[in-house]
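Letters A, B, C and D mark the chains in the order given here, with residues in each chain numbered from 1 onward.
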Amino acid sequence: MTTVGVGLIGHAFMGRAHSQAWRNVGAFFEPELTPLMTALAGRSAERTARAARALGWASAETDWKALLRRDDVQLIDICTPGDGHAEIAIAALDAGKHVLCEKPLANTVAEAEAMTDAADRAAAKGIVAMVGFNYRRIPAIALARNLVAQGRLGTVRHIRAQYLQDWLTDPEAPWTWRMDRERAGSGALGDIGAHIVDAAQFITGDTLTEVSGTLHTFTGTRPHPDGRKPVTVDDSAIFTARTAGGALATFEATRLATGRKNALRIEISGTTGALAFDLEALNELWLLDDHDTTAGFRRILVTEPDHPYAGAWWPPGHLLGYEHTFTHQAADLLNAIANRSAPSPSFADGLQVQRVLAAVQQSAAAQSTWTPIR
Amino acid sequence: MTTVGVGLIGHAFMGRAHSQAWRNVGAFFEPELTPLMTALAGRSAERTARAARALGWASAETDWKALLRRDDVQLIDICTPGDGHAEIAIAALDAGKHVLCEKPLANTVAEAEAMTDAADRAAAKGIVAMVGFNYRRIPAIALARNLVAQGRLGTVRHIRAQYLQDWLTDPEAPWTWRMDRERAGSGALGDIGAHIVDAAQFITGDTLTEVSGTLHTFTGTRPHPDGRKPVTVDDSAIFTARTAGGALATFEATRLATGRKNALRIEISGTTGALAFDLEALNELWLLDDHDTTAGFRRILVTEPDHPYAGAWWPPGHLLGYEHTFTHQAADLLNAIANRSAPSPSFADGLQVQRVLAAVQQSAAAQSTWTPIR
Amino acid sequence: MTTVGVGLIGHAFMGRAHSQAWRNVGAFFEPELTPLMTALAGRSAERTARAARALGWASAETDWKALLRRDDVQLIDICTPGDGHAEIAIAALDAGKHVLCEKPLANTVAEAEAMTDAADRAAAKGIVAMVGFNYRRIPAIALARNLVAQGRLGTVRHIRAQYLQDWLTDPEAPWTWRMDRERAGSGALGDIGAHIVDAAQFITGDTLTEVSGTLHTFTGTRPHPDGRKPVTVDDSAIFTARTAGGALATFEATRLATGRKNALRIEISGTTGALAFDLEALNELWLLDDHDTTAGFRRILVTEPDHPYAGAWWPPGHLLGYEHTFTHQAADLLNAIANRSAPSPSFADGLQVQRVLAAVQQSAAAQSTWTPIR
Amino acid sequence: MTTVGVGLIGHAFMGRAHSQAWRNVGAFFEPELTPLMTALAGRSAERTARAARALGWASAETDWKALLRRDDVQLIDICTPGDGHAEIAIAALDAGKHVLCEKPLANTVAEAEAMTDAADRAAAKGIVAMVGFNYRRIPAIALARNLVAQGRLGTVRHIRAQYLQDWLTDPEAPWTWRMDRERAGSGALGDIGAHIVDAAQFITGDTLTEVSGTLHTFTGTRPHPDGRKPVTVDDSAIFTARTAGGALATFEATRLATGRKNALRIEISGTTGALAFDLEALNELWLLDDHDTTAGFRRILVTEPDHPYAGAWWPPGHLLGYEHTFTHQAADLLNAIANRSAPSPSFADGLQVQRVLAAVQQSAAAQSTWTPIR
């Protein structure tokens, strides 16, 4: 068995989640490559060293570029804010490193295009680039995709997707970098709207072709130690869409859905079946595909040995959590590298989501007029 | 105690539901006027007579105009398709009869305006006109409105409303008059979209001011004994809206939501609270308005003596059904007539909903551009 | 079509519910006999006359025996407390009147036996006697029975049944006749425990053969205008049982389940399937009977045309309420009378439930020792 | 910061779960002692070595006694079947090692007593012994206990607890050591019944004082490579109980609850409030403790920073899974060792549960007669 040295950039929320994946993937999956937790990069030497110790990384760096120069690092895992993705990912790929990049792929379509170009160049050399839409690796979501692909729903007619959080409901909630267009690209749209766009397309295997959208900022300034700072991104994004397959879709991404903490909800209606999912009950998938006297949505507890990913963990009925998605992602990525197979989701997939987000912004700026993707 | 003679026009689905209300209102409520089930009007003499017997009406007429001429009829209850509403309601009001008219008020804004004018004229003479948005009388919906009015939700930020049915999912489901623009005015939009527009405005006490919408017909022709007939109305309507109070709203009304039989779902997010309702569980209202360690949406079983309407029926925990809304409507209407008080919802309320529907159609015809109401 | 004159005794909670049934059964079902709401009997002349008017009865009597003497009354509907059931029912049957008697059939096994004997005598003369376990007529419960009978669950292994109410949680809740052993026979056991025993046996088609039980009174005296009065019945009954078919069952009936208003919950586990029901969501039946990748409990909304009773009412997805059970009961009783067929549940069924309750009391008095039914 | 060397015995289901805890506790909690994954003991040299590599243990042993002799091991973690617990735990404690022992503490009361004696002896020397009722560390369960302790429920009246699994529903499910009384002590009773007894007592802070119980084996023999082998333990255990605080409790533990995979359900009814929990939705706690117009059970998503354990992980709304309980257990144990504080649950707690199980067996053998605990 061979190994791959991982260099992780960032040790905040996403960095901790990815570390958890690298630490545990070998105990549950038997990936064809064994990951070594080689180095963690962060800006503060002291904080990065402490994080490396706590999270299990063998060394620490204060310059991400150092990772690219290290021979013992073959995979760069990018967990920084979106404004840094393009520079790092392109440099890493060009340096011959495999790349895992958190979503959204970039803050702009142009950046995402450049990154996808770099991924294409790298692919020719057997280098793999994956974007981190981790929710694809929720067993219920992966099962949902399989069921649609098997035709259990017939032709998809409707997608209704919401990503509801509430951490900005309070007008006095503090300003963070996520409210800064320069750093974050957009607000609810890119942060959580990207997830529902990807989930909708992933589950249905269909592609959004045009959107009609609205962005709104309910609270224009927020408190900061330096005084109130302007919020330059959207609090909420609502949009409708049409798909290549002829479905109608509605999307809502908001940070003001009081009482909803992390409610990524998606419901798909097809001509012969339907399914529903809620991230706040992520071990469950609801499916309807019968039409006789006892038809009804059934609650599948997606913890059985024959469910995607679930069999690697615990016996039936023993729930998985949020973080398991990252472990699944790590396992799939390691196998893709080992097999030199195309990773999923690819940078091209991330670019396509970026184009949807850009079209929503464009439509919102044009009175919500229908706007083609691309 | 005095009485009011009721003349009902129509004995299909809505006629049966209204009959149930007139038959039972006196046993549970103590309305200030006692309704007499005086006459039922329908087109077929034989079928109308049989329906009158089954439903408890004392006489039958084959011409609705006969009801207007009868001195023993003081209240006309209109349960015909929408294309007949304007003529009947205006004639009845002008003849000095109180009117209860099923929703949507009319098939066009022009008709609804003429009806509202007639209602205004009649009001000056103490004559009452009410439109039948019966869902306002679901105890959970009425309680929801009270809670918003009490400020339990703070400022409303989001409305997400869906009315999901599935009876047209099958492309071979037969053609009915509801698919004919001449008779029905529109499809899902007017039939069930009208309900969620009214419910959203009723619960929040807020008013939609502009919409961006899309209408879609998935199945263009449907089987009929005379051969396939064209479907000239929408199967599905999706639209977003802004309100006078500054909220963002999303609406979806569809007849192709496989497995959803009658799912009028509405969720309101405010700055300090939220609530959620689903007509498929109509005795429940979900409320969140606390923010401490034990905060969570709570399931209020709206069957307590201090809940709207519920106390008139059974002990706590004994569920009410769909039809009870009509009995509540009858009780409120009888009291409005007795007290010469303004009925709610008024024809003006019905007209406003009609204008929303018209704006959705206009927006849909203009690439989903934001379109003001009126 | 012929008619049957109904004489109702009692106009409190049950009397109102039964009146609702007689008033509406003809509008939804087409029973082979038309019921006439001939007379209402109560103790107070004034209150009975007023109730008769409100509830739709043509006349009022202050002595139930007068009903037995009236030729225009052919059916006696007994809605009095349990201590009066035996005398009235036996006299009515012996007078050649059909009888509908509220549950529990009687306060003692001896009374129930005498009543069953009277029913047997009457049956020989074409007279029908039914006991009012109305929950058998909930569409979801009737469907559940059908599914078990079809073998969808395989062999039943477990029954877990609870009837949870909370109106005696407060130690200061006032004393009523329901807390008096003389009037009520027992407390939670006979009032609501009877319902879960009947429902369990009805759904499974199986019979309890022995029980091990405990009765408990948490609050020994309760306030009354005349001072605190002793509570001589149980607040709560918990018991386990074995069935003829080899299943194990657990039962809990309590009036101290805080926050549960009317939660009759029953879950049946069989070798190949399972089902679950909760009266607080009475339009739903949960069924599991598949065992592949998408197995799960499915929520059947029991409002479809091919569901028991449901087709007579409204379109799919339009909920029924508590009171509809009484209308279904009336329809079935009228048809049984018309067809001279054996009514279900019969007095013998009611007697069997009474024997279960007696065995629970006997076991409770003997340290919860297993006690055979009869 | 100092460290503690851990020696784990067993690498099947529980061994994997405990390994996950030792591997990750440092990344999320900051325990006052750092655990070192020093050695794994198992019977097969080859399988143990492979497991040690996969799970992150630094060395492997084929004799658990070797762990007791190693100076670099200070904590023995026992994940073997119940018949080995007593010998290992007593030897380890007497050798001056801290002990974490999986539940149930032992297969008999006598063994559990001897173990508790050993724990008492060890405690005098600052040695800690904890039994692994991991569900106490579910955030929702820990929160439930806090709420009861705060008096939010008033006086507890009812406990209803079920642990429902279905892996023995099929009569042809294969024989395993869990069906052998010699190895497992009992069946559903000790395996999952122990969990609901502990959870009930932990949440309420109350103690069972007597039980009335029944054990049942539906399938007497099961297939094994050597031919059908007898099942010498119970498939299902149902029992009722009284508590020191005056509550009535019902318990059901079964392996034949078709469709229920891991449904540890517990509902507590108090004089002023109630709560409900289901392990199949382990991030949720349902609480009712208000009594006004908007009273209802509320769904607390137990993922907030101020919820027990939850703040150490992810932002609100990001779910935890089954395995997190073991990490919480490890953190608490490490702190107990560091602080020389009494561990919870102690071996005495485990002994008390064992006595409850023994009393159930005794009652079951005596016609379900009420039997005191001890």
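Methods note: a contact is a pair of C-beta atoms (placed from the backbone, for glycine too) under 8 Å apart; a residue touches a chain by one contact, two chains touch by 3 or more.
Please read all numbers here as calculations on a predicted model, not as lab measurements.
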Partner chains that chain A and chain D have in common: B, C
Farthest chain (mean CA position) relative to chain B: D
Chain pair with more C-beta contacts, B-D versus A-B: A-B
Interchain centroid distance [CA atoms averaged], chain B/chain D, Å: 54
Chain A and chain B, separation of their C-alpha mean positions in angstrom: 42
Per-residue overlap in chain B, given as positions that touch at least 2 other chains: 260, 288, 295-297, 301
Chain B-touching residues of chain A, taken from the complex the two chains share: 153, 157-158, 160, 162, 164, 166, 169-171, 212, 214, 216, 218, 236, 238-240, 246, 248, 250, 252, 254, 256-260, 267, 269-274, 288, 295-297, 367-370
Chain D contact footprint on chain A (complex, rising order): 13, 16-17, 19-20, 23-24, 26-27, 30, 54-56, 165, 167, 260-263, 279-283, 301, 303, 313-324
Touching residues on chain C, where the partner in the complex is chain A: 143, 147, 152, 286-289, 293-301, 304, 306-307
